[in-house]
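When the chains are written out, they are named A, B, C and D in that same order, and each has its own residue count from 1.
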Amino acid sequence: MTPATQTAVKNGEAPATGADRDPVVDNRLHGFSREELHALLADMLLYRRFEEKAEEAYAIGKIGGFCHLHIGQEGLAAGSIKPLRADDLVITAYREHTQAIAKGITPRAVMAELYGRVGGCSGGRGGSMHLFDTTVGFYGGHGIVGGQIPLGAGLAWAIRYRGGDQVCVCFMGDAAVNQGAFLESLNMSAVWQLPVIYVVENNGYGMGTAFSRVSVTEMEARSGAYGIPAHTVNGQDVLETFRFFEGLVERVRGGAGPQFVNAVTYRFRGHSMSDPVSGTYRSKEEVEAHVQGEDPITILRDRLMGAGLLTQEELEGIDAGARAASDDAAEFADASPLPDPSTLYDHVYAEINPHGRLFLDGRDRGGAGG
Amino acid sequence: MTPATQTAVKNGEAPATGADRDPVVDNRLHGFSREELHALLADMLLYRRFEEKAEEAYAIGKIGGFCHLHIGQEGLAAGSIKPLRADDLVITAYREHTQAIAKGITPRAVMAELYGRVGGCSGGRGGSMHLFDTTVGFYGGHGIVGGQIPLGAGLAWAIRYRGGDQVCVCFMGDAAVNQGAFLESLNMSAVWQLPVIYVVENNGYGMGTAFSRVSVTEMEARSGAYGIPAHTVNGQDVLETFRFFEGLVERVRGGAGPQFVNAVTYRFRGHSMSDPVSGTYRSKEEVEAHVQGEDPITILRDRLMGAGLLTQEELEGIDAGARAASDDAAEFADASPLPDPSTLYDHVYAEINPHGRLFLDGRDRGGAGG
Amino acid sequence: MAEITYREALNAAMCQEMDRDDSVFLLGEEVAEYDGAYKVSRGMLARYGDRRVVDSPISELGFAGLCVGAAMAGLRPICEFMTFNFSILALDQVINSAAKMLYMTNGQVPIPMVFRGPTGAALQLSAQHSQACETYYVHAPGVKLVTPATPADAKGLLAAAIRDDDPVAVMEGELLYNVRGEVPDEEYVIPLGVAEVKRTGEDVSIITHGKMVHIALQAARALEREEIEAEVLDLRSLRPLDVDAILATVAKTNRVVYLEEGWPFAGVGAQIVSLIQDEAFDELDAPVLRVTQADVPMPYAKNMEQLAKPGVKAVVEACRKVLYMEVGTS
Amino acid sequence: MAEITYREALNAAMCQEMDRDDSVFLLGEEVAEYDGAYKVSRGMLARYGDRRVVDSPISELGFAGLCVGAAMAGLRPICEFMTFNFSILALDQVINSAAKMLYMTNGQVPIPMVFRGPTGAALQLSAQHSQACETYYVHAPGVKLVTPATPADAKGLLAAAIRDDDPVAVMEGELLYNVRGEVPDEEYVIPLGVAEVKRTGEDVSIITHGKMVHIALQAARALEREEIEAEVLDLRSLRPLDVDAILATVAKTNRVVYLEEGWPFAGVGAQIVSLIQDEAFDELDAPVLRVTQADVPMPYAKNMEQLAKPGVKAVVEACRKVLYMEVGTS
């Protein structure tokens, strides 16, 4: 099992510092090496800076449409995706910029997609909600709440059908578990014992609606109906999350069948760019408390500094790298051309049949197709 | 709480025979009076004879389309619906002839509906799968598996909205719990504490598919995800079922919130008229064993005879009544006219707007509407 | 008569009807505490309480069906879809329950309810969030459908929809919510099935509905500069359909362009063309042309989205074409 | 060439394709152990095993989506809907996932799959089980749609649909399953987008698709007795649409009737009329008339159902009408 991108932690290596470390701190470091810890910090800082850059770009109109930031939830992106193999599959909803980067899409390709440019990972056609790169096993980016859940089951179905040992990780928001697709997909996954891990990014809210207002049970209760084991993990602790997923992925790879993970996290920004951070449905105090106490980046930083594994200088260096990569992504995006208007009708169909008309708007009237 | 139709058991009356009865037998009689017991037997025999008659009529082409018989499941129809008040609401799927009769639609109106005649409870427009009579609180008769589940939640919503103390009983087959509508409806019912009882008529099969082939959990596991209590009842024992529902309905009426009942039963006929009773998906032996050992009518009959509460003569009298009512229903249906062709466009809309055209097939071209 | 926004007009219609009839309630995602995803229900929770203004889980099929069930019992639900894109999940309850119920029950169970929310594209929301859903609602008999284009129409048509005893889909436009216009303050109801000539003209008729009315009016202004007088007929209601108004404008100009936001194949315009050629065959001096979204899923990139959407230029060209003028010179 | 049933022809097409390509599998309700609700997949479980012939729970949205997901990963699922009526529950996955995926991914993720099953009415199945679903599948670009009317077309079109790299809906007819006809024994594929003249004639064209082809042929025989020679054009494929064949028959007879099983508003026929009047305006000697289901939910009662369905008589009358003959005398 090797991480998907070069910045990621290398597993299976012994922790760098030896037996003289404080066992409590060590325990909280989950046996990661210094390099691995720095790499995880670098990953999360990249996600943060990248999205801050996107926020800026949105404000000046470089990015349009809906844009859902993952800020605050980066521990989960790194902790759940970095343990995956390159050929494992990820599918998710529309709050997926950092997940896409975690799985191996370059910041450039993601940013260019947000800008709607040809250099984007979906050629500028998909936008923020529809990031795709199947070469790194990232299957989108879906905008209908719950729509990706059956698709994730289908990806896992294909793995099983071919006798492969990959795993599919299917993310969703907490609100998505109230969609019927959730029941149908989990049930089928259980019946066919598909190699899929359903991960709820439980940030407590679906837009302005607290989960407790649309459910009388806790999240953990939602998968038992189908005989799928439920697990809870603290998504703000990237190390705990990483180790947890590392183990779970191996179990699923080994045939343990579908799993359900309640990953507890918090969204530091509004639902999308038009939603204020606090006000209507959650108080300023509530948000502040989370930002202060539960920032996955701060948590890791403090832990590393506390253990003497990170200096202020190193931190600044890592952060500078993250900012540079984000700036570079934005510059790349800005320089990338708009899609060529002549391609408007490309990729509606994979196969243009030699007979008959496929487009009914007059486009291929008299042309080859009609 | 009074039963809905005149044939039904009257509750709250002391058992007719006194203290000299065998306590074990008595216990199995659940404290019902002789009259009540006879009435329940009469109800079930009516359902049985009625559907046997329908079967005959289908064979000679008097009834068309799909026709799903409830034979074998009558204990559940009587036991769950007879305890309801006249103003309680029932909604169900397409295997609903006997449920409709239990709630108070006359055998004549049901049979005429199967025949597609104006005397039918849906005027011949609905057919076997769409029996309706809102004056007795019977809200159909729905053909899309799971489609009635949100509708049942909506009926219960209306009760709560108006501050009424009625209860809505929403039936479904075992296969329907795999529809997403199940999750969505149960969850909303729990969130809003609706006065609804979801009853699964668990006959073990959805068409040719055993429940165990499409679920890794038992039926009881399916409602806990939404915090809705699950109950199991033996639907072949009409007395147990009646007492169970009697209690449950009162609790829901009193504000206990939504409930989920796994009512275990068995279908003695094929899924519909074209499906053989046994062969592909269940063995002859399996069916025989149920018909011999788990016929709700036989069970009650034997129990009553064992307790000296029913003579062969009485049984024959009751059965003759059931046959006569079924014959009468068929005669009524046969004599009832076909719907008047001039009514084809009636009841598409409740309100024919004075302006504009509602029918686009040329029908009101030049007429009042267009 | 005050000038208010389309959003406020919808709000006013709901309040008007909720004030007069306790059986009317509003249910949907974010309609209560959040005041609506697009703030259409602003203030309504405070005014009517959480019995009548209700936040639902994200369960489109379920809550649409729940509303149909409540309507079966005689209530008059307003079921808000955050956008109609999401209502595709609920279509089974719209078509198989709401539309067919009255007929299957032989008239016993009317479904007096409203499905409402924005339809069609806003700006750069990409393929899954930019779909005009009229065809899905108008194909099956049993559901009525209105598409208000102005604040006044929004108030009058939504009020009429709530009062109607049948299920009525009210398709709004996200890009219309901030549009301002004169709206009667008093009780105001526009009968379903009455189209409105939004601009008169002799030379060519642009027939359209919903948000596209504004594109049609812009096109008419552009044509005016070429001394072409276009009539703009806003159908307002697709079912019932004001056939008299359609035939009147055809008889007047003999040349027609149908403009709609959605895709061409089996679009609303296809039906209007079919109707016109059937009932006014001899009145036509040219084939009816249609302007629609390009027959592709909506792309995200701004330039591509503009290209895919039906715009003023395409309407002007179509009008010139039905007038047998040279095209592409304007 | 053997004479086999339409049902057997579909079975043969699936086996033909499953034999040549391991990535093809069949999934749906009752397709395996029960051999299919209508026995279309008879023997396939025994032949291919439960890896490739799979019974699903009753979860239309879920299993349709699962098949789309499997197609995203490169498999070629055949997703059987017991009938297309039930697929309304799955439309979100058809439209928002299958149809839009390739575009949203800029061509990265084709969806090479088939949705198949019967559409339209059988006999007395009442409102919820008697719906022709073409419009719901043809409106959004991204999905192709074929409607075989004969056993040979069933084999050839289903095989082509399975081989096609796009999602293709194959709409069959429950009442066609027992129809017999000559079908090539060898590998047989009919290219998508090629209509077929099922009967030639000079006087009037009946254009149609699917099960209605048989009604059209009956009507043509009835007209023959009045010495009217009707041409019957079976579109076979609605998307891609064989426009050349349509224009050819229009040019030949100058009079057209479109016959379809579904409802009128935004039906397939509306689109065909729109296309003909646009592209062959001057060829038409009369408006194109349409024969459709009555614009009502399907009633159960036998007499009412017959009345609601488009039948031979209505087609004959429409043909007489476009020929400007007296109507109602035959």
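Observations on the model:
Everything below uses one rule, namely that a residue touches a chain if its C-beta (ideal position, glycine included) is under 8 Å from a C-beta of that chain, and two chains touch if they have at least 3 such contacts.
Quick caveat, the model's predicted, so the values are computed rather than measured.
Across the two interfaces under comparison, A-D and A-C, the one joined by more C-beta contacts turns out to be A-D. When every chain is reduced to the mean of its CA atoms, the largest separation from chain A belongs to B. Chain C and chain D, compared by their mean Cα positions, are separated by 30 Å. For the pair chain A and chain B, the distance between mean C-alpha positions equals 48 Å. As a whole-number value, the distance joining the C-alpha centres of chain A and chain D reads 41 Å.
The centroid of the Cα atoms in chain A and the matching centroid in chain C are 37 Å apart.
Residues of chain C found to touch two or more other chains are 56-57, 59, 61-62, 85, 89, 92, 96, 103-104, 126-128, 141-142, 239, 263-265, 271, 278-279, 295-297, 299.
Shared interface positions of chain A, defined as residues touching 2 or more other chains, are 122, 124-126, 130, 142-144, 147, 178-181, 183-184, 187, 191, 213-215, 348, 358-360, 362. Residues of chain D that touch chain C in their complex: 61, 85, 88-89, 91-92, 95-96, 99-100, 103-104, 126-128, 131, 134-136, 138-142, 239, 262-271, 273-274, 277-279, 281, 284, 286-290, 295-297, 299. Contact residues of chain C toward chain A in the complex are 29-30, 33-35, 37, 55-62, 85-86, 89, 123-129, 263-265, 292-297, 299-304, 307-308. Residues of chain B that touch chain A in their complex: 178-184, 187, 190-191, 213-217, 221-227. Residues 64-66, 116-117, 122, 124-130, 142-147, 175-176, 178-180, 206-209, 213-215, 280-281, 338-339, 341, 344-345, 348, 358-363 of chain A touch chain C in their complex. Chain contact summary for the complex, chain D toward chain A: residues 25, 51, 56-57, 59, 61-75, 92-93, 96-97, 102-112, 141-142, 144, 164-166, 191-195, 237, 239-244, 271, 275, 278-279.
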